[in-house]
Structure formats: structure tokens, C-alpha cells
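Below you'll find the structure, written out as C-alpha cells, and then a few comments.
Chains: A, B, C, D, E and F, in written order; residue numbering restarts at 1 for each.
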Amino acid sequence: MTITELLAQFANPETIKTLSITHKLLAGLVTTVLGMGITFIALILLQILISSMDRLINRGVAPKDNTQATQASVNKKSDVHEAQDDNELVAVITGVIAMQLKTSVDTIVIKNIAKIEDRSPLWNRAGIIEQMNSRL
Amino acid sequence: MTITELLAQFANPETIKTLSITHKLLAGLVTTVLGMGITFIALILLQILISSMDRLINRGVAPKDNTQATQASVNKKSDVHEAQDDNELVAVITGVIAMQLKTSVDTIVIKNIAKIEDRSPLWNRAGIIEQMNSRL
Amino acid sequence: MTITELLAQFANPETIKTLSITHKLLAGLVTTVLGMGITFIALILLQILISSMDRLINRGVAPKDNTQATQASVNKKSDVHEAQDDNELVAVITGVIAMQLKTSVDTIVIKNIAKIEDRSPLWNRAGIIEQMNSRL
Amino acid sequence: MLEPIVAFCKSTGFAALTPGAIIMMGVACILLYLAIVKKFEPLLLVPIAFGVLLTNLPVAGMMAPPILEIKDNMIHTIEPGGLLYYLYQGDCLGIFPPLIFMGVGAMTDFGPLIANPKSLLLGAAAQLGIFITFIGAISSGLFNAQEAASIGIIGGADGPTAIFLASRLAPHLLGPIAIAAYSYMAMVPIIQPPIMRLLTTKKERMIRMSQLREVSKRERILFPIIVTVVVSLIVPPASTLIGMLMLGNLFRESGVVGRLEDTSKNALINIITIFLGVTVGATASAERFLTVQTLAILALGVTAFGIGTAGGVLLAKLMNKFLKVPINPLIGSAGVSAVPMSARVSQVVGQKEDPGNFLLMHAMGPNVAGVIGSAVAAGVLLSLFGK
Amino acid sequence: MLEPIVAFCKSTGFAALTPGAIIMMGVACILLYLAIVKKFEPLLLVPIAFGVLLTNLPVAGMMAPPILEIKDNMIHTIEPGGLLYYLYQGDCLGIFPPLIFMGVGAMTDFGPLIANPKSLLLGAAAQLGIFITFIGAISSGLFNAQEAASIGIIGGADGPTAIFLASRLAPHLLGPIAIAAYSYMAMVPIIQPPIMRLLTTKKERMIRMSQLREVSKRERILFPIIVTVVVSLIVPPASTLIGMLMLGNLFRESGVVGRLEDTSKNALINIITIFLGVTVGATASAERFLTVQTLAILALGVTAFGIGTAGGVLLAKLMNKFLKVPINPLIGSAGVSAVPMSARVSQVVGQKEDPGNFLLMHAMGPNVAGVIGSAVAAGVLLSLFGK
Amino acid sequence: MLEPIVAFCKSTGFAALTPGAIIMMGVACILLYLAIVKKFEPLLLVPIAFGVLLTNLPVAGMMAPPILEIKDNMIHTIEPGGLLYYLYQGDCLGIFPPLIFMGVGAMTDFGPLIANPKSLLLGAAAQLGIFITFIGAISSGLFNAQEAASIGIIGGADGPTAIFLASRLAPHLLGPIAIAAYSYMAMVPIIQPPIMRLLTTKKERMIRMSQLREVSKRERILFPIIVTVVVSLIVPPASTLIGMLMLGNLFRESGVVGRLEDTSKNALINIITIFLGVTVGATASAERFLTVQTLAILALGVTAFGIGTAGGVLLAKLMNKFLKVPINPLIGSAGVSAVPMSARVSQVVGQKEDPGNFLLMHAMGPNVAGVIGSAVAAGVLLSLFGK
């Protein structure tokens, strides 16, 4: 029988019982090849798109040295969304602290998820008012 | 055909196709007259009731001069509900600021919606305890 | 008829109408005996289990004098869950205050329900990170 | 042009306005007055009262069921039902009350009960009001067993339990029962003190009780698990209420799921409270509410509270016959639950005699035990009279 | 091994990708641009736009209904429906918009309206846009009465009302109508000023209005009750929207149910906004959206806003013929609601003439009145053209 | 009087108590111990464990379906179902997991992945565990393809994905699968390090990686849109999970819908987590859980984690054959997701060799890529074995 027929019988809870163990394993192998193949195709396609997005958007942005860049990214983020939890930040801080102070990571965690200030006092208003100021 | 029949056919997605454009427009006009009429009736009735409510409840409350009244209203409001967003307040502040400081309205907005303090620690308790103090 | 038959007829909205008032009252009495009996059995069983739990878990924990114990319990609790509302605390404070200062209970209430700090910045993360520190 | 206007006038609510509807709107306004001005359980009575108002608006049909068409394995909604009809499903399917109980559990500190397990006896005794009222309702001849049970449970002084049982046994009485339950819970400081004074001597009221022992975190964590298992084994129909109450309490005491505890006692319980309150009120349509039954329910409800109070106090006195260290009988009345109000009544009445006597912490024990007690009683009634 | 690969390729979305779907994804991206970069009503347009994107992903079937089997009193789900199909039930059963209105009520201060009840007339006049647009839609010959009504309501400048009516009368147009409503609400500062200047003299625009009186707490509490009863009696089909709007406002003004007010204007409204936005967007499938009707809806929608603005301004001028103390006609335009934006437009246009003239507080009156006005208009249309 | 007592005793849970039920209650207590004392994923394991407890309480029937009567186009509930049955509908209709994913998206920072797109390859490689385990499950002869796929997905180390797939393909295994998934996610620091050390040389483990570039806001906003479109086109069945994950992330990155982001990652995700956890646990009744299958699932699950770890590490080593700038193979193991734990494992194992080497930021890339990877794998399995 063809692989398609095999897969069909394999996928059917009734007919699978009729399959020999070899057939089952073959079907399992096909599934694995298909599954890993498609997973890789999808994620490689994403990789290509994201890399090209990078090239399209950020032209001539040179990486800075560690400390500065970190600083920057931290500040920049905290501008972008107010007081949101920032994994990179956690990373750096935890890393450093882990080496020296042995402070509980919790404290950092708690700080990070300070609830963001609600930016819209009336439902669907915030955006409006901002643009009014820009427009009028 | 009578206007009622016309409206009936007009309201029926099947029969409306059979109506001439003049009939349709007539029906549309009737709808408009009815709609605006009823809307006005409802809101005028509300106006009357609210005005009379005013007369019934607030006897001999003289309006104060702008600044004071504003002050008052602001304070009074913030007594009434703790730290709730108060459009009047926004209005005055925004107006003033818009003239001079050109501060982003957002800041005001954010302040206004500071989450009100939850007044009942146990479900359906707060009210109870208050009145207990009054009663016992 | 047996009590079981009586209860069966009593419980059936159709047949209950056929019962005499005496029968109804008898059935009501049986219900009361059953109900109170089972309620007591359940809660006495709980009492026994909780008392034995006490004996099993806390061996040789002597009660301290009022003020200290209170202090302790208050502190201990606030370690256990951060800033949660603690009825015992309310009790003591309210009691004392009620005697002297006549402060509104609300203020206490409000303090108590200060929202607990969210201890997990990423969904199902907090626990993980803690144990990591312990394990690695 | 006149015709359609006449037609429209016929379609307004004024045309369909009945005296009953007008009276019910008045009732709604009275309830709003009690809730907002008199602060009677506002968190429940405001939504309930508004639900009463909405359901009695003629023609609006906010409780109207949808018109469906079921054919060839498809369910089509020809005309959608009213908003309150859909929200009401959460009540009549028994979904909302247990979820509220989960929030209550996350808010409740069972420490005083764990520290003094004898409290459980008082929490059981105070359920006497439920069953005596049940007999009263039966002997009134106005109610069948299911209805009488739903009325008796008012004596549990516990809103969600009353709504849970009534929605299963007598949904048509949900409105008056819920209104009675919450109104009387708010009136506990008026109902209880005279009964407490009547049944106790000045000497008894002056009994001081020794400081409660500390409760370890481990006990606090084991408690909800034990209660869930034991109660559910003895009274399976009570397991939904008790189980969710204890799940919420476990969120609280485990100390490792702060976000779940926070949500269950804030966002979630508030959302459900709004839906539950409005839809419970919405069951009180004129034809259902303006009946002699309603008056009977209001009368029976207050007796239930009174008898429950007496039951607690009297058992406390009986216990003193056997205990070396006596307990103050005033804490018995707290067994009716109405947390934490009846506990504070115990303290205030106690302080009348001896200003230095702090009973509140001791009264919290029977108080929270009463919540468990009435859930158990509800379970028994459900197993006896449930479908 | 080739076969299954081919088979799988056939099952991908690429195989089923239609030009329409590609265009709709483009539309979704444009909407996201407007929402995120241009800040057009982001709270609604971000979910709506993403819903448009999701519903047009081939094969994904996120709006697919479930396959059921109904036999011997059991309903079995053979194959579950798509996520968005289930969430969409909240729209088409009319559950979500009233709940959003409850949150809006909890956020809205009706004080300026209570202080100046004349505002209600302006709020009524601004609904003219709804009905003129209705006639326009009819005369276009593209729409039946139900569809025309749903398009007209765009002129109400009130998202939930538009979605509520459209979901009842013309669910297949929900997508374009919602998108038009929110886009134009965001563009009010562009649409209104020219019309306002055209219809008013410099002298009129410079009219100063006297300080609004203070509003007592008692008035604030009575207001939602009165509005609910009166509006529901005159236009029963409006009672769901108005009732929930006023319930939310009562939560706010009563001052005794802080937690319910908080939840209804935060957690609850946010959750529903996400579900409503995504599912409303999800109705905009290519075959439904890429039609001449959609273009007509966009064109008619903007006229609706314009006519509404004119209606408010003109009535204000008319009123000045009779009033001793004249009102500034610029506040009339605020009657279209789009709270609080059109009110701020009134102020800004007024300040252009006289920087010392603060109209915002006075414009808030017609502004919130417009919300009530369009709900009433929606009720009328529902009673005329509803099933 | 004896009869009814006997009758009642027969109706208690004790009468119906089975050894299986007792064992399951023990299992529930063990899970609670792991969750509360050992802090194994408490946010999920506490509700799951309590669900196991509740569902195994005899007679309580908290998962009992309702008894309906369908006649003349009406659906009547003769007897309501159990609370957990109703909440469980959110699982088996596939509503809850995507909503949790929305919250996860709102919490997740994809910056490290955008900064280093190569991470995606590692995120793909780590899914190997899913499919090898699938083969293992098949060859065990105990499971059909649907069940084997649901077991394999445990290797995705992603709770919602596992629950989503299992609820579609093998709902009867939901309990053991969810319990295995979350337990092993908590045990990642024990499972991964030995494998990582075995497959890497000290020299490889000491590779330092250059600072990640900054990621612009624009990239952060475009990312979720691109991922949604691309993944949904290639694997349509994955679009629900990926779409909601990315919607949440768009809420976060757009920066204009703070309230929606806040609610989706707090109130909403917490509510759903409670319902999902309890009901997933409630599927683990004794007859379903106490089987040889469950043991096989636990054994297969841990291998899945191990193989996934190996897959990531080995691909990283392979990539180093081609890359000018080598990557540290330790970050490959983070591809199994279990965010952010396995990323921290990479850092800690790396620091064992070189305390100055900070891999965490680099490991976050494969880590979040693993979430996307396992959602894609789930989509493939769904398209192959779904109804």
C-alpha cells in the first residue's frame, strides 16, 4: 500500500489496530520526517523574514559595548512600555547578582511586574486625546 | 396602501424589494419623523424630570463665582468618590494647561484613573461594618 | 406507612399534597433530626481531626501572654502572606480602637486589602525560579 | 401619519404598564435606599435591586428566553434571548455561587477555628434555625418540601449557600429568598443582641476567654484539604460549595499562588457578584414577588435568624456544663455566620458588660464554622429534596 | 515519501490563499497602522484589525461553527468550532455590548448633563445624522431597511450601540460598520471643525457660558434610576443598553460598591473589549468585506457624522432664538457623543476665537446626552425593523 | 427512625468509596506537596491537584453532565451538570488554552529572538523529542496515533500547547499528560544538565557570545504580525495558538493598549488558569488514571524532555561547523521552552565552567523560539491525526 494509504489507516483509530508493528513504525517515521521537516521549514522561513526585516529597518546601527548597550536597552525599553517586566533586564541583573550578592531573585521578579499605569481613563479615550493634541 | 402597511412591507426584507423607490423614500421619511420625534420626546421628558429633580432637591443653592465654585466642585467630588476620574477637573486643568504649559494631557489622564482603593476587604463586608459602628 | 415511604412522598412535590398536616410535621421533624444530626456528625468529625492535627503537628508549643502572642501572630502572618487582610489583626485593632479613638473602621479595612504584590512576572514562572535558585 | 404613531404608542412600555410592575419598581427603589443610604449589604443589594427594576420594565424582556430552531443537528437562534436570561444561566446551573465561595475562601482566615476546634459545635448548633424554620414553612401549608427547605436555608445567614440551594430546589422563590437573606444579614446587629441578652446571665456575658494559640502554616494548609474530604464524604451534595470554598482558602494559605488568590477574591468574585446579583433580582417579577408567599418568607426568614442565634448561645451554655475552662456563650450567636458581622455583635455585646473583654477573635471561630455548617445543612437538604 | 509531502502542501494555507484574503490581510495591516502609529482608537482597532487578520487566514477556520450531533436528548460536539466562533456568540446574542456599556457608565460623569438639562435637546438633535443616513442608504438601493438602519447608527458615534444594533439587524455588515464607526470617531477632530465654522458666526463662537452649578450626590444617584425607567418605558428595546449603562453609573455614583465599579470599568470591560474587538473584526471575511456595500458604508458613515454635527449646532442656534441666556452653538456638535473627543473639539474650536473661553465642561453635557440619544434611536430602529 | 438513617448512610461517600478513589486522593496530596512545598509549577499544579481531589470524591458528581430534554425547539435542563463539567467545556472546546497563550504572549519579550533569528533553528531542533517520543509511544503498542501524538507533545515543554492538543486528540489522557508536562517542566534543572554536559566539551561550554544587538520598537511590532501570517499559512491548525500568542504580544509591544495587555496577562489569564487547572485535574478519575498507560506516559514524557534537550544541543554543535562566530551549544537546550527555566539552566551550566559567561540573554532566544516550535509541531500533529 502507498504511504498515503498507510498514513490514512494509521490516523484512523479503528484501522490502526490492523497495522503490523513494522507498518506502524514506518508511519511513525514518516510522521517524524514530516513533522520535523515542516517545523524546520516554518521556523527557517521566519528566520529569513526576521533577518531581512532587520536589514530593511535598521540600517547602520552598530552594536555598542556591553555595559552601554545594556544601559541603553534597559532605558529604551522602560520608555517603550512603562515598568513592564523585561527578560533581558532580569537576565543581566540576575547574572550579575548571582555572581556576587546572592540576593533572592524574587525581589527582582516582584519589582518587574509592578502593574503598568492604566493609560486610558475613559474606555477607548486615551488614543483619541493624544491625537487631538497632535492634530488641533 | 396605508402607512402602516407600507412600514410593514418596508420592514420585511422579502417584501421591501417589491416597493418602488418613492415608497421606500416615503417609508424612510416616516422612519425619520418617528425616530427623531421619539428621541426628542424621550430626552425632553428626561430634561423636564431632571430639572424638576433639581428644583425639588436643591433649594436656595446659589452659584458661586468661577474659581471658587470650581475649587469647591473639585474638592467636593473628590470627597464623593475617592480619586475617581473627574471630567470637570480634566476640563479645567486641560483648558488652563493647554493655554500655557503645553504639557501632555496624558499625565493628567494617568493621574485621574489611579485605581480607587478597594473599600471592602471581605466580600459584602464593608457596608456591614460601617453600619455596625453607626448602630452599636 | 414507613418513615422512608413518608419521606419519599414528602419529598415529591406531587404527592406531598396528599399528606395530612400531622404526617407533614412528622416528616419535618425527621428532616430536622436527620439534618441537625448529620451536621453535628460532620462538624464533630472535623473537630476531632483538627484537634488531632494540632496534637500531631505542634508538639510542645506553649501559648505566650496576650500582647506578645498577638505581636507574634501578627508578624508571623504578615510573613506568611504578604499584606493580606488578617481578621485577627482587625479584631485586636478594632477592639482597642473602639474603646478609645473611635476611628472609622474603614481606614483599617482599606489598609488591609492593599493588593498583594504579584509574585509571578511570567505565567507559571515564580515557583520555577525559586526552586532553581535552591537547586542550582 | 397618525397610524404609525398610534402603533408606536401601543408598543411603548406605558401601554403595558401594570400596577404590579409599578409596585415592584417601588420595591426596587426601597432596596436601593436600604443599600445606598442605610448601607445594607450594598455589594449585593445594589445589583439585586437594579435587577428587580430591570425585570419589571414592561416589554423590555430582559429575562426572555431565546427562540431556537433545532434541525438536522444544528441549533439556530431565531431570536436571541434577553441579556439577563443568558447571565441567569450561571445561577440556575449552579455555577456562580460556588465561584463566589471560592473568592470567599480566599478572603477568609480560618485560623481562629483551627486554634479552637470546639467552635465547630457552635457553628453546627446555629443551623437549628434552618430546620425549625423548615418545619414552620411546612406547617404554614403554603410551601412544599423543596420550597420550605429553600426558605429554611435563609437561617444559614449565608448568601451564596441560600442562592445555591434555592436555585436548585425552588428557583421561582430565588428573588424573595435572596432579598430576605441579605437584608437580614445586614440587620444582624438589630436581631441578635436582645436574644443574646435574654438567654444569658450578666455573669456568663462577662466570662473572659484565654488568648487563642498560634496556628502554624502547615495546619492552615492541611485544613482546607481535610475539610473538603471529610464534608464531601459525609454529605456529597455539599462538596461543590465546600470544595470551592476550600480551594480558595488553599490559594490563600499555600502562599505560592498569589496571583490566583488575588484574582479569585477580586476580579473574579466581583464580576460574578454583579452577574449573580442582577439576575437574582431579575427573578423577582411582579407576579412572582407580590404574593402571600413572599410575606411568609420574610416572616420566616427573621425567625430563622433568631432561632439560629438562640441555638448557638444555648449550646455554648450546655458546653459550659462539661468544660473545665468555660466559654463565653455570647460567641455562640456568631455561629449563624453572616461573617464577620455576628462575630462583632458578640464582641460589642460582651464589651457592654466588660469593656476590657475582647471576644472578637474567639467569635470568629464559630463565625466561620457557621459557613461550613450551613453548607453541610444545604447538602443534607439537597440530598433529601433534590431531583 | 513524496506523496504525503504533496498531500501536506495541498493542506497548507498557501494552497488555499485567495487574492481576497491577501487584500484583507493588507486591510488588517492598514488598520493596525492607524491604530498603533496614528493612535486611531487603539483599544478597539487593534483587536478588530487582528480579528480581520485571523479570520482571513485560509483553512485556519477560527470562525468555523462546531459540528454537533443531537440524539436522544444529548448534544454531542463531533468537532469543536473555532475559538472566534465561540467568542462571537457574545456579540450575536447581544451580551457583550451591554456589558461594555456598564463599564462606560462606571467611567462616565453625567454631572455636566444634570447641571444643564438643556444639553439633552442637543444630544437628541445630533441623532439626525442617523436617520438622514438611513434615508441615504435606502435610496442607494444597495440596502434593505435592516441594513440601512445598521449603517445609519454609525452616526451615533458610539461603538457599542452600533455593534449592538448591527449584530441584531445586519450581522453580515458588522465588520465594516464597526470599523467605520471607530475610524470616524477617531477622525472627529478632522470631520467636525469645518462644519462647525461653516454654520456659526464668529460672534456666536465667542459666546461665553456661565459656570455650571454644582450637582449634589443625591441627584447623581437618582439620575441613573430615572433615566433607566423613563427611557425603557418609552423605548423598551433600548432598555438593555440604557439599563446597563445606568447600572454602571449607579455603581460609580452610589459610592458604596467601589469594588463593583472598579471591576466593571477595568477587568470586565477590558476582557469583553478584547473578545468583542477580535470577533467583530473576524466577521470581515474577504467575501463579505470586499464589496461595493462596504464602500457605500464608509461613504455613508462619514456623512452621518457630518449631519449629526450640523444637527447639534443648528438646534443650538435655534434654541438661542428663545433663550434669555444664549448658549454657544459650538457645544451642539458635541451631541454626536464620541465622548470626550467631540466635547474637546468644541473647546478647541471655541478657543481659536477666544482663548479665555472654556467650553469643555459645557460641551460634556450634550456629549454624554448623545450617548443616551443614540441608544434611544437604536431602540426605535430595533422596534421598527427588529425580528 | 432507623430506616432513613440507614438510607442516608447508604447515600454518603463512604458507602461508595473505592480503593481507586482513595489512591487518587493520595496522588492529589502528593501533587499538592510538590506544588506547595517543592514549588513545582504551583500556579498550575495547585489547581490541577485540587481538581484530582474533587473529581475522585464519590457521589459528588462534580464532572457529571447535565440531563437535558430537547423537544419542540426548546432545550430544557432537567438536572444541571456538575460545576466542573461546565467549566471543562472551555478545555474540550479548545477555548481556554489559546486565551492563556494570549496572556503568555503579553508577558513574553521576543527581543532576544528578533536580535538573533538563528535561535529559531534551535527552537525547531528541540522539538525532536516530540516526534521520537511519538514513535516510542507507538512502538509500546499501548497507544493509537492520536494518543501517541498527545504524549509526544509533552516534549514541547509547553503546558497550554500540550493541553490544547490532548483535548483535541485524546481527552481521556488529559490528566496524566498535563500532570507529566508540568511536573517535568518543574524538573528541567534536574533533567537537562547531565545531558548537556554529556554532549558538550568543556571548551564548547566556555564559548562566549557577543552582546545581542538592540531591537527597535518597529521590529517588535512587526514580529507578531509576521509570525502569525507565516505560521498560519504553513500550518493552519496552529493558527489559533500562534494567533492568540501573537495578539497578546502585539498588545504588549504596540504600547497603545496598556489596559488590554494588563488584563490579558493578569485578571484574564488568572481566571482561565484556575478553571483550566481544576478541570484538567478533574479528568483524572481513578479508572482513567490508575492504568499502565499513565505509567507509560510518565516514562515517555521524561524521555521526550531528554531527547528535546539533546536535539537542541546537537544542532547547535552542528551549526558551529558552518558559522564563523560560534554559538555556545548550551543555549541549544533552551529550545525545549519551559520558559524561562531552561534558559536559566543554560546560564547556570555555562557559569559552572566560566563564571563570567552570561548566556541567559542568548538562551532566551531559543527558549521563546521553542514555544513557537512546539505550537507548529502541535499543528502538524493536529492536521495529521485530527478529526
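Keep this in mind: contacts are C-beta pairs under 8 Å (C-beta built on N, C-alpha and C of every residue); 3 or more make two chains touch, one makes a residue touch a chain.
Keep in mind that this is a model prediction, so the values were computed, not measured.
**Q** Using mean Cα positions as chain centres, tell me which chain lies farthest from chain B.
**A** Chain centre farthest from chain B's centre: F.
**Q** Quick one: point me to the chain whose Cα centre is farthest from that of chain E.
**A** Relative to chain E, the chain with the farthest C-alpha centre is C.
**Q** Hey, which one of A-F, C-D or A-E is the same interface as B-D, over half the contact pairs lining up?
**A** A-E
**Q** Averaged over CA atoms, how far is the centre of chain A from the centre of chain D? Could you give it in whole Å?
**A** 46
**Q** When the centre of a chain is set as the mean of its C-alpha atoms, what distance in Å lies between chain D and chain E?
**A** A distance of 39 Å separates the two centres.
**Q** Using mean C-alpha positions as chain centres, tell me how far chain B is from chain E in Å, no decimals.
**A** Taking the average C-alpha coordinate of chain B and of chain E, the gap between them is 15 Å.
**Q** Of all the residues in chain C, which ones touch at least 2 other chains?
**A** 7, 34, 38, 85, 90, 115, 117-122, 125-127, 129-130, 132
**Q** Multi-chain contacts in chain E: which residues touch at least two other chains?
**A** As it turns out, chain E has residues touching two or more other chains at 8, 35, 39, 42-43, 70, 75, 107, 234-235, 255-256, 259, 262, 266-267, 273, 340, 344, 348.
**Q** Which residues, counting only chain C, touch chain D once they are in their complex?
**A** Against chain D, the touching part of chain C is residues 7, 10-11, 13, 16-17, 21, 24-25, 27-29, 31-32, 34-36, 38-51, 53-54, 57-58, 61, 63-66, 69-70, 72-73, 76-77, 80-82, 84-88, 90-92, 94-95, 98-99, 115-120, 126-127.
**Q** Spell out the residues on chain B that touch chain D in their complex, using ranges where they run on.
**A** The contact residues of chain B facing chain D are 2-4, 7, 30, 33-34, 37-38, 118, 120-132, 135-136.
**Q** Write out the stretch or stretches of chain E touching chain D in their complex.
**A** 67-70, 75, 92-95, 98, 102, 168, 221, 225, 228-229, 232-237, 239-240, 243-244, 247, 250-251, 254-257, 259-260, 262-264, 267-268, 383, 387
**Q** Show me the residue ranges of chain D that touch chain B in the complex, using the header's touch definition.
**A** By the definition above, chain D touches chain B via 1, 3-5, 7-8, 35, 38-44, 100, 103-104, 107-108, 159, 182, 185-186, 189-190, 193, 265-266, 269, 273, 338-341, 344-345, 348.
**Q** What does chain E use to touch chain F in their complex?
**A** My answer: residues 8, 11-14, 17, 25, 29, 32, 35-36, 39, 42-43, 46-47, 50, 53-54, 57-62, 66, 70, 73-75, 77-83, 86-87, 266-267, 270-271, 273-274, 278.
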